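Note sheet for the following structure.
Letters A, B, C and D mark the chains as written, and numbering starts fresh at 1 in each.
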Amino acid sequence: MTPTTPVTSERPATRSTPRATTMKAIVKAKSGPGAEVRDVPVPTCGPGELLLKVKRAGVCGTDLHIYEWDRWSQGRLKPPVTLGHEFVGEVIERGAGVIEFSVGDRVSCESHIVCQHCTACRTGNAHVCPNTRILGVDVNGGFAEMVTVPAVNAWKAPANVPIEVAAIMEPCGNAVHTAFAGPLSGCHIAVTGCGPIGLFAIGVARAAGAARVFASDVSPYRLDLARKMHADAVIDVSRGGFVEKVMELTQGQGLDGVLEMSGNPVAVRDGLAALRNGGRISLLGLPKESFELDWNRLVIFKGVTIHGIIGRRMYETWYQMDHLLASGRLDIRPAITHVMPMQEFDQAIALLRSGNAGKVVLVPWGENG
Amino acid sequence: MTPTTPVTSERPATRSTPRATTMKAIVKAKSGPGAEVRDVPVPTCGPGELLLKVKRAGVCGTDLHIYEWDRWSQGRLKPPVTLGHEFVGEVIERGAGVIEFSVGDRVSCESHIVCQHCTACRTGNAHVCPNTRILGVDVNGGFAEMVTVPAVNAWKAPANVPIEVAAIMEPCGNAVHTAFAGPLSGCHIAVTGCGPIGLFAIGVARAAGAARVFASDVSPYRLDLARKMHADAVIDVSRGGFVEKVMELTQGQGLDGVLEMSGNPVAVRDGLAALRNGGRISLLGLPKESFELDWNRLVIFKGVTIHGIIGRRMYETWYQMDHLLASGRLDIRPAITHVMPMQEFDQAIALLRSGNAGKVVLVPWGENG
Amino acid sequence: MTPTTPVTSERPATRSTPRATTMKAIVKAKSGPGAEVRDVPVPTCGPGELLLKVKRAGVCGTDLHIYEWDRWSQGRLKPPVTLGHEFVGEVIERGAGVIEFSVGDRVSCESHIVCQHCTACRTGNAHVCPNTRILGVDVNGGFAEMVTVPAVNAWKAPANVPIEVAAIMEPCGNAVHTAFAGPLSGCHIAVTGCGPIGLFAIGVARAAGAARVFASDVSPYRLDLARKMHADAVIDVSRGGFVEKVMELTQGQGLDGVLEMSGNPVAVRDGLAALRNGGRISLLGLPKESFELDWNRLVIFKGVTIHGIIGRRMYETWYQMDHLLASGRLDIRPAITHVMPMQEFDQAIALLRSGNAGKVVLVPWGENG
Amino acid sequence: MTPTTPVTSERPATRSTPRATTMKAIVKAKSGPGAEVRDVPVPTCGPGELLLKVKRAGVCGTDLHIYEWDRWSQGRLKPPVTLGHEFVGEVIERGAGVIEFSVGDRVSCESHIVCQHCTACRTGNAHVCPNTRILGVDVNGGFAEMVTVPAVNAWKAPANVPIEVAAIMEPCGNAVHTAFAGPLSGCHIAVTGCGPIGLFAIGVARAAGAARVFASDVSPYRLDLARKMHADAVIDVSRGGFVEKVMELTQGQGLDGVLEMSGNPVAVRDGLAALRNGGRISLLGLPKESFELDWNRLVIFKGVTIHGIIGRRMYETWYQMDHLLASGRLDIRPAITHVMPMQEFDQAIALLRSGNAGKVVLVPWGENG
């Protein structure tokens, strides 16, 4: 990870600075693969909103899907849209009615813009609001010099958290949400799939006092990152053997919980098979297509609980994550493998495609990366 | 339902009664379909055990599977074994060390004999003990004049509960366990599959204050029983349409919970589709084979929780059920459609096969049915 | 209870109606006991607000305290302020940005106006927001012809709920919140204190499938209302004996839960003593002063859980209550003993003081009570 | 802490060893202060029991109360009784029917012998069984060369846990039970009272990922031990100031949870005052007498939850503790300040009285301390 310029050296912007009317952004300009650097208008800042100068942004697997224009993207995106749903920025303007932030604040952002009126929103389940719009997917996001966000989506990043980490609180929150969906302390936990969110989840489970955390993947590169995140054991499943290995590591007791980050049907089935009776599996990884289970053997006879997980609890997950990061209990820096200029977005995508990357963080134009 | 002879007219047996050495029983005598009435030795009553004079016994779908000698039965049963895992009896002898029951007590029985030593047993999860042996499956059961059970498995049936109901507390407990796996009060609940356990579940959900309880099945006979159990609406899914009907009944809000009793893949998928985001589905019905799901659409994006349910919480479920039955909040009598002599077991099996039966209760030899 | 004019006969107001600039209201005009009918300006309707034509309003014990100008009132209220925090009204104007309500909607109101920015508000615990302002206490309330409320505080009352009931969803929500703080279904529950909220709580516990609900008070009048709410047993504690009576009613098992509505130290201590080990007591009643407990005997050795309860979960409690009321599972009409014109507020206060009243509902000027 | 002779050097006893018929023990021989070393018969080993050669035993505050013959002791103990309820021993004989342990096993013991028949025992709440008998209080305990315990109370100590730690799993379990009664991970937690259980609780909260753990006491000696257990801050409350200090340490946010280990009324009140709204306080410390609270301000208006805590969840707490100790996440060795011969019991009591001791561990006659 490239050394970070100290936070204190960043000169706070103020409203008195004459501001440009256009800016650079990574834009999905039209249907079809790819994305391009474009000059676009600087976004306006309406009531209840914040205008941010973007400092760092994370690249997500979803960005890769959008770049490649997969079926999901084709059905969801309405180009042109500025990409980027993981980022940290500095407040340079606040809209009417915003009192809880000041110009100069360093804020990370929840990417789900929710309706606030539905049953889910009104009962503490805004993360499954059916009317959710996502920054960088449905509305313009943070792969840009500036971005506008609802103030309610902004989170003041703890002062002692490095700026690259502050940029990726959104995906880190996925890991916190998944991990905290069931018991961790004193438990035997496996994380299946060691992409960035899996790597974060290893750290979260360790921080929350899991007795042992096992991590599985097929990639030696990712398993090496899992070791750097202090997994107690890593399991190379390129030739199978997950269940046997877990049973060996737990003296036949099995797992208390599985945090499923791969979306791989084999990982789900093996995760269920390796659970002790009464255990839980929390599914965040998105399978590419429907797949089948032996429900009797893997779910019903075992009395297992399966959680579908999406987003972050708003904003309970953010409090938990903030406290874990600020206290130093959770350190996700080993999962950040690349910091690079935002204009090299194509190379970032290529890196992700290669599989030889953890989290890739982008530095916008004019920021000192 | 045939009128029941009042409980008070049953003369309590005592140890001084000279006891026969053989008795009648329904026995799976050998591998292959069928079961037969046999004269077998009266079981002995060891330390910690109770010898019961069986008063009534329920026939379960599992008994049908055993009768038909399906694949599961072939792998599990070791003939000869006396069938019957739902029954009520009168204590006629208690083994050494048993203090909590007296001769003459009317007891219903938990069918799972658990090891008491494993992690599950030692942490309040005995219902998923991996060493479970089941009465009437792995050890001799209650389709007989007498049966021996561990005292720890016996439950003093509330005095005001009819004897046919006391006989089927085991399957009723399945319904209580499934229903109480998530919130019910003030909720919109669907029960998918109106066999006996589904019918009981309708009653449990109503008793627990579910705002509305919907019941689905393909059989007009069973839907009629669902109405008798006071389902707020019944849904005939013989031509599909479950999701649309639920959405209409809930003004598009969807369900808070599904109690899945059918094991039918379509019911599981439709149940998930009809859940509101963040809802739960509790699976008790056993699918015949593996089946697939669109996990993204039905589970992950919706933030749904899936419970695999087996048995009854030992013995929390029994307390809950006892209180609901004894207080009259739960009345499952409409689900009992037939009471017949135990020697007519073949006819009982035929009834179950026909689908035109709710719960069938058997009256042993010499009992006044 | 006075028969209610059918909802459909109420002519919906529209913005085209020329509106008066002053209106009648019950105002705490200055420090000291009493309250008075005053002509005050019709409130304005700002962004995110609703202007309501008040249809009915409930009188609360808190209103009595304010009237009597007790120490709490002296420290909290800043006269002049229009009283009234329980009411239902018809939307006659909606402020800028309000989309989820229409003119003509019949809405009941959450009385807690919360900050939406603090940790409590951001983690689903807005009911304990430390920045709460209360309608009719800190800002002008609903004892008036019209009232302005934040749209986020409004709740569309179910169409089939009588208007007097819709008026008192706020205190009914206190009962729902208290009752749902722990298990109810299949439980033995006592409600200590049969003022209006205690009476509602009896209904809620019954609706949620409590096996038996016991209600205690010192007033024969209130115990009679408890019977009308279908308490399974009422306990006159004017000469003590609560614990003994509960033990007799539960065959020595004790209670699973106590819903404490009286604020009486004896009720709290007796409630704890009558709990089974591991039970819960949920405290809503406000004690007049500090009081002591034998913590070892009543709390620690018993492994009891004590909940402090305030307000309503926003808005989970409202959903639960809405479903219970709309489905008819919960009927709180027997607790409404008086419906009277709002200008007779002094008499309403006298009624409350006498103790010979359940819930008193007021009918504003010009409404047909 | 005195270095421990490796476990492997301990020669396993076998039944073939000719065994003495009397042994040394610390006995409360008669009513009144004190305790004495006596020769007593070696206990027999009945069905379902284990006979243990005691290896180490911990001295508890309760032992001090019994020694001093306080009012509680006078009402509870029936001399003569061998004291000692915290100990580890080696299995030297197993009674009839015991299959889950072998001669030579090193076992720590749950001190609560429960009835297994009551509602509490049958619903996973055996820790509040009203029929509990306690080792070393109601039946002969482990301050002796040998002790008999029910096999169900024995816990195979993890092989890598030092024998002095294995001796005090019982009080460590109190800390685990208290801490795990509410959320810890990412939370701000205070432990009030730094006796041994408080010290263990600091370690448990840290292991479970509490963001910050604060510890308070009036004794510099104990606060120093709290630092050694890695409390993030220690608060000397000998001149008050707890609430102010906590608010300063948490930037005014307050605590998410308080683990109350002192039984001091001021600690309880200050703990409640320092909680954020909606927080929890878990009470294990036993107050000397009744005390009062301002319930409105400290409990009800804040929506706080209070837990009475006793014993350990049987045996969920033991699994959690076992995993935390075996994995090294929890290390309670700094809380063990003295290891001394059992015959010096009077000196051990004097040490406890002085306040200048953490946990004191005793080495029985003939063991190598």
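Heads up, the rule we're going with is that a residue touches a chain if its C-beta (ideal position, glycine included) is under 8 Å from a C-beta of that chain, and two chains touch if they have at least 3 such contacts.
Just so it is clear, the structure is predicted and the values come from calculations on it, not from any experiment.
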### Message
Going by the touch criterion stated earlier, list every chain that contacts chain A and also contacts chain B.
### Response
C, D
### Contact-richer chain pair (by C-beta pairs counted) among B-D and A-D
A-D
## Note on the structure
Separation of the C-alpha centres, chain A versus chain D, in whole Å, is 42
### Task
Indicate the whole-number Å distance between the mean C-alpha point of chain B and the mean C-alpha point of chain D.
43
### Query
For chain D, what residues touch not just one other chain but two or more?
119, 319
### Summary
Residue positions on chain A within touch of chain D in the complex are 180, 184-188, 207-209, 211-212, 232, 319-321, 323-324, 326-327, 329
### chain B - residues contacting chain D, complex
99-100, 116-117, 119, 122-124, 152, 314-316, 318-319
### Query
Tell me, which parts of chain B touch chain A in their complex?
119-120, 125, 127-130, 253, 268, 276-278, 283-284, 286-287, 290-296, 299-311
